[in-house]
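For clarity, chains are labelled A, B, C, D, E and F in written order, and residue numbers in each chain start from 1.
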Amino acid sequence: MRPSGRTAQQVRPITLTRNFTAHAEGSVLVEFGNTKVICTASVEENVPRWLKGKGKGWVTAEYGMLPRATHTRNRREAASGKQGGRTMEIQRLIARSLRAAVDLEALGEQMITVDCDVIQADGGTRTASITGASVALADAINHMIATGKLKSNPMKGHVAAVSVGIYNGEAICDLEYVEDSAADTDMNVVMMEDGKMIEVQGTAEEAPFSHQELLDMLALAQQGINDIIEKQKAALAE
Amino acid sequence: MRPSGRTAQQVRPITLTRNFTAHAEGSVLVEFGNTKVICTASVEENVPRWLKGKGKGWVTAEYGMLPRATHTRNRREAASGKQGGRTMEIQRLIARSLRAAVDLEALGEQMITVDCDVIQADGGTRTASITGASVALADAINHMIATGKLKSNPMKGHVAAVSVGIYNGEAICDLEYVEDSAADTDMNVVMMEDGKMIEVQGTAEEAPFSHQELLDMLALAQQGINDIIEKQKAALAE
Amino acid sequence: MRPSGRTAQQVRPITLTRNFTAHAEGSVLVEFGNTKVICTASVEENVPRWLKGKGKGWVTAEYGMLPRATHTRNRREAASGKQGGRTMEIQRLIARSLRAAVDLEALGEQMITVDCDVIQADGGTRTASITGASVALADAINHMIATGKLKSNPMKGHVAAVSVGIYNGEAICDLEYVEDSAADTDMNVVMMEDGKMIEVQGTAEEAPFSHQELLDMLALAQQGINDIIEKQKAALAE
Amino acid sequence: MRPSGRTAQQVRPITLTRNFTAHAEGSVLVEFGNTKVICTASVEENVPRWLKGKGKGWVTAEYGMLPRATHTRNRREAASGKQGGRTMEIQRLIARSLRAAVDLEALGEQMITVDCDVIQADGGTRTASITGASVALADAINHMIATGKLKSNPMKGHVAAVSVGIYNGEAICDLEYVEDSAADTDMNVVMMEDGKMIEVQGTAEEAPFSHQELLDMLALAQQGINDIIEKQKAALAE
Amino acid sequence: MRPSGRTAQQVRPITLTRNFTAHAEGSVLVEFGNTKVICTASVEENVPRWLKGKGKGWVTAEYGMLPRATHTRNRREAASGKQGGRTMEIQRLIARSLRAAVDLEALGEQMITVDCDVIQADGGTRTASITGASVALADAINHMIATGKLKSNPMKGHVAAVSVGIYNGEAICDLEYVEDSAADTDMNVVMMEDGKMIEVQGTAEEAPFSHQELLDMLALAQQGINDIIEKQKAALAE
Amino acid sequence: MRPSGRTAQQVRPITLTRNFTAHAEGSVLVEFGNTKVICTASVEENVPRWLKGKGKGWVTAEYGMLPRATHTRNRREAASGKQGGRTMEIQRLIARSLRAAVDLEALGEQMITVDCDVIQADGGTRTASITGASVALADAINHMIATGKLKSNPMKGHVAAVSVGIYNGEAICDLEYVEDSAADTDMNVVMMEDGKMIEVQGTAEEAPFSHQELLDMLALAQQGINDIIEKQKAALAE
């Protein structure tokens, strides 16, 4: 049994609060249970230097955690003078996931930066971030269409993510912190709404995993992401 | 007339939401109108190296803004590799203000770090931060008393802050962004609940200010802070 | 009685040595008693990127201390890889104070950088810096007029600064180190020669201060700054 | 057809040159075709601070590329003052992979750092690094046994890695640069010699991938890694 | 007697392996006995900003050591966030030495960067670097001539370097690590093939050196460099 | 003829003002003509970590330039976040030179840090720094003897330095800026008062130098340093 009492395939209660803050073109508070992340999408009318003049846009992402988002306080990265390896790894994952969902040629020479800032952490901050970021990105693109910066929608579909893992010998979906810290294997899966995969990152934390365990985790991820994409669609329909 | 329609002495609607996030010993969302700051107070059972063995505690603060808390996106300080001068100045101000409210000997060799992270900015982020931080600090100290880390309360009283300024030739209280950016003079005042001052920082942004203007601003600040301290007391009484 | 034997309102012996070093357009050694600061004003024929094309100039300042300007050696900021918070706070204060004294439109697209480097510290380094910087700035502007870079003088008047504080329950002016480190409250006041204020920064180091104490300190500051501005005028008349 | 003329499942010629440099306890030059990486394993008789006194050892890794290991020169990371996100991501992957192969309790309070420095890059530097690092680690552990620092071998088996991808709609194994830069999907797989997986990282570079494509890639990876582990065993048997 | 059994004037076996790596315009593995350095010369068709439009080219150099090039592992400079003083000193020496051998006007507005990365250290890494860099530079220039980027050869001659020192009271040439660490004085000499000197850097490690000792060291250096330049010519003739 | 009108062997007017600033154990303003450097020697009763428990002391040095010590303003190193290569090279030279003059065992587990800060530059800042630092060091050691921190003097003699160069085909001594920037070769020589050499650093800026030119420069350096050491002795005798 899971500490949370959830079934193996059950994701946590997920909420997506749009227009959470005032200034960004897209701003979403995403909650996967007790994990809470503010995702804002900011539009700029230029692109990184290496892209200038190529007729293409860019989508990027940054990730951070408030120092006391976690059980004990972490040092503030701005104070220590650099972003840690975990932060870099996560923000690169978010950015790649979002770019896979956007036709960059259709975006034109414009850039969208999505900031994912965790205000409360209870496992799965990167998958919650991708899920919330996709909605913030959709809102920003709608804003660009409404303000004439885009003629048509360059987004190929929703993108969502969930973690799966092997816990007590069994595959489970959407791990919270107590499950994650005790899991043998942790895998993050990012999918488009058509069921195709954008990223699969499985890591043996304690014990290597078999081919069958990988298949079990993938099946749970597919189902969990379907549920999550329904939430995204419902939020955007409001 | 003020853009907001407020009277000269009127502060914005102020809310203080305690227990805003789950992990910190004190966690407060403070709102001064559209300015919103998460203040968390974290307790550690040790002190900075230079204080060790002196039987005294320490209270410090850090300040940050989410990149899109503002009208246009600011570069993430963690990514640029250092905290800017404005950030440093503000977090030093918050820390001094809080320390003035605490008997550090009575705190013993323990440290409280208050993080103030602005999630939405509309002027007055430093005064909102101090105001919210004081409540988060009170909660953290109550937690320390409840868990036996403190026998008595080392806090000397509530501390609150407000900005005042000269706008269109008149002194006004609690400036929001459109007022702040057009003001001739901006002054931040930090007071204890007994009306004594902890910090007074007046800056001529556009035009030097006279002795009388200083007195006018101080009078408004006194009145505004009284109102704010009532909000703090009410929040802590819930 | 003050450790120095001075009366409450008495400033230390103040000297302003112009042309102290050879290369800068303005170069002043300012001494407030044993506090000694080299202030150089450097002229550049361009402005920061964000000001380009706006027809305005810029005045900025940087502050530093030689490692052994103080009783014990401080780590060299260049070696530790960043300027500390105190340094940033001070150089921002100096820069704001100088900018308040200059009509930036009249300066045109030119920049003046004033470097204030403390070679010996005995309290009041920031107020000595502002005082010396104002004279160095005046010399640089005169140099610009003489060399045809300016047609008229964009400086609105002299700017000077002094510290005041509450020491042994009494307001005193121009604190030296032994007074400063024992004072309950420390306030730095920056004024134009017409008596209007540019910056007022009062900090309760040990005990909050009352409205009356603030007024007492301001009165002393006004008088001290008048004395200091006389010294500035005399120096520039040589 | 692949640009290299290889079949889909064929890995490049792989060589593992032990004792490549003189000082390290383990030193291997690994070549996957034209990709060449120097892997050195260094033994230290202490552990990171957070592990002290826990009776456990640690295995970590660092990754770098000579500036001209690539077609055009990259800026030296030591000169730019930080390791890039890609470097961080890769060295964290290498370190996790090696740790999964070692019983850290059996290692005792000792640390092994494996440095993987790419001297020539032609795709697959991270998988070549893991493969070479495993052999360097084995040599370092043998050295520890020979010098009495270890009584028994804490290594659970060889670990090896290979990249697979979808290129021109077909799954291929061990991509070289021209293939990698044109692939729709790139996946890195790290396995133990018993066929269990340690890491699976699949990324849709151009087009999302289907469940079937994932299975195809995994099958190729399994076969490729078997071949590579034979090379490791042969190298260590010399 | 020297630990190596060499005579006082005898340099170590020296090899220069051209085309050591694939991508650089010049790539040389230089070995002075057990000291091994990869030197790559990279050509870029632009110059540093401060040289633009002056019709001159630039030659620069960077130096690094793999963390375990030495007996014990050194911290990776990219990880510690800066290049150490020794690294900076050495790469400046290499760059000056190479620039002295090139007619920068004849190079035109093009830049050559030579990277010297030590993969195994046994004393004399800076002199081996200069020696190998000269050959890599020659190859890069030949490549530029072959590809039409240069019409004539801007190189004024070969440049080579050797260390000399006072060891057990006697001058010796080309010190290896055990000699270097016990020497009273260490001197690095860089010469053109015509016997003229580019750099002479003598340092009293343990005991100041006399005028006669300086002359003795210079004589050995002259002879050693002649031998080394023969090796360079032979390598380039292959 | 030299621009200065000096003869080839003539050094600039040299002054050494002891007790220039108040707090340091040794504080000297050294002037070589228009080059002016403040040298302070600071005593600490501990040593760097790697020397602890070895019964030896340490002497080190740091070097800096005020931003406007030069004709045009240089960026402040503290603001740019690192010391440049030139600074590092110079401070390492100063430190080595001073250590060569001190018996570190006799110093015991104490450290002396000499800061050399250039307030006005006109060529030869490193040689002026070494010359002034030697006097500051002597004063600091005398202070240590007077306060009982040392029983006997660990200094082996005065150390002084001068630059020499080839200018218009002729060797000259103690180059000022206009000479230095036009010289073919620049050499810095550091000597003990007994005439033995500590450092010789000759650099061909424009044209390689011959053996005879090296001898000519050395002869001038010897004579110049003798003159300078007389100044040191005279200053210390006051």
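Basically, contacts are C-beta pairs under 8 Å (C-beta built on N, C-alpha and C of every residue); 3 or more make two chains touch, one makes a residue touch a chain.
Source: prediction; values computed, not measured.
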Contact-pair overlap exceeding half with D-E, pair selected from A-B, B-C or A-D: A-B
Remotest chain, chain A as reference, centres from CA atoms: F
Separation of chain E from chain F, taking each centre as the mean of its C-alpha atoms, in whole Å: 28
For chain D paired with chain F, centre-to-centre distance based on mean C-alpha positions, whole Å: 50
Numbers and ranges of chain C residues touching at least 2 other chains: 81-82
Cyclic chain order when read starting with chain D and heading to chain E: D, E, F, C, B, A
For the chain F and chain C complex, residues of the former touching the latter: 21-24, 27, 34, 36, 38, 40, 42, 44, 62, 64, 66-73, 76-79, 81-83, 87, 113, 115, 117, 119-120, 122
List of chain D residues in touch with chain A within their complex: 82, 85-86, 88-89, 91-92, 96, 100, 187, 191-192, 194-204, 207-211, 214, 218, 222
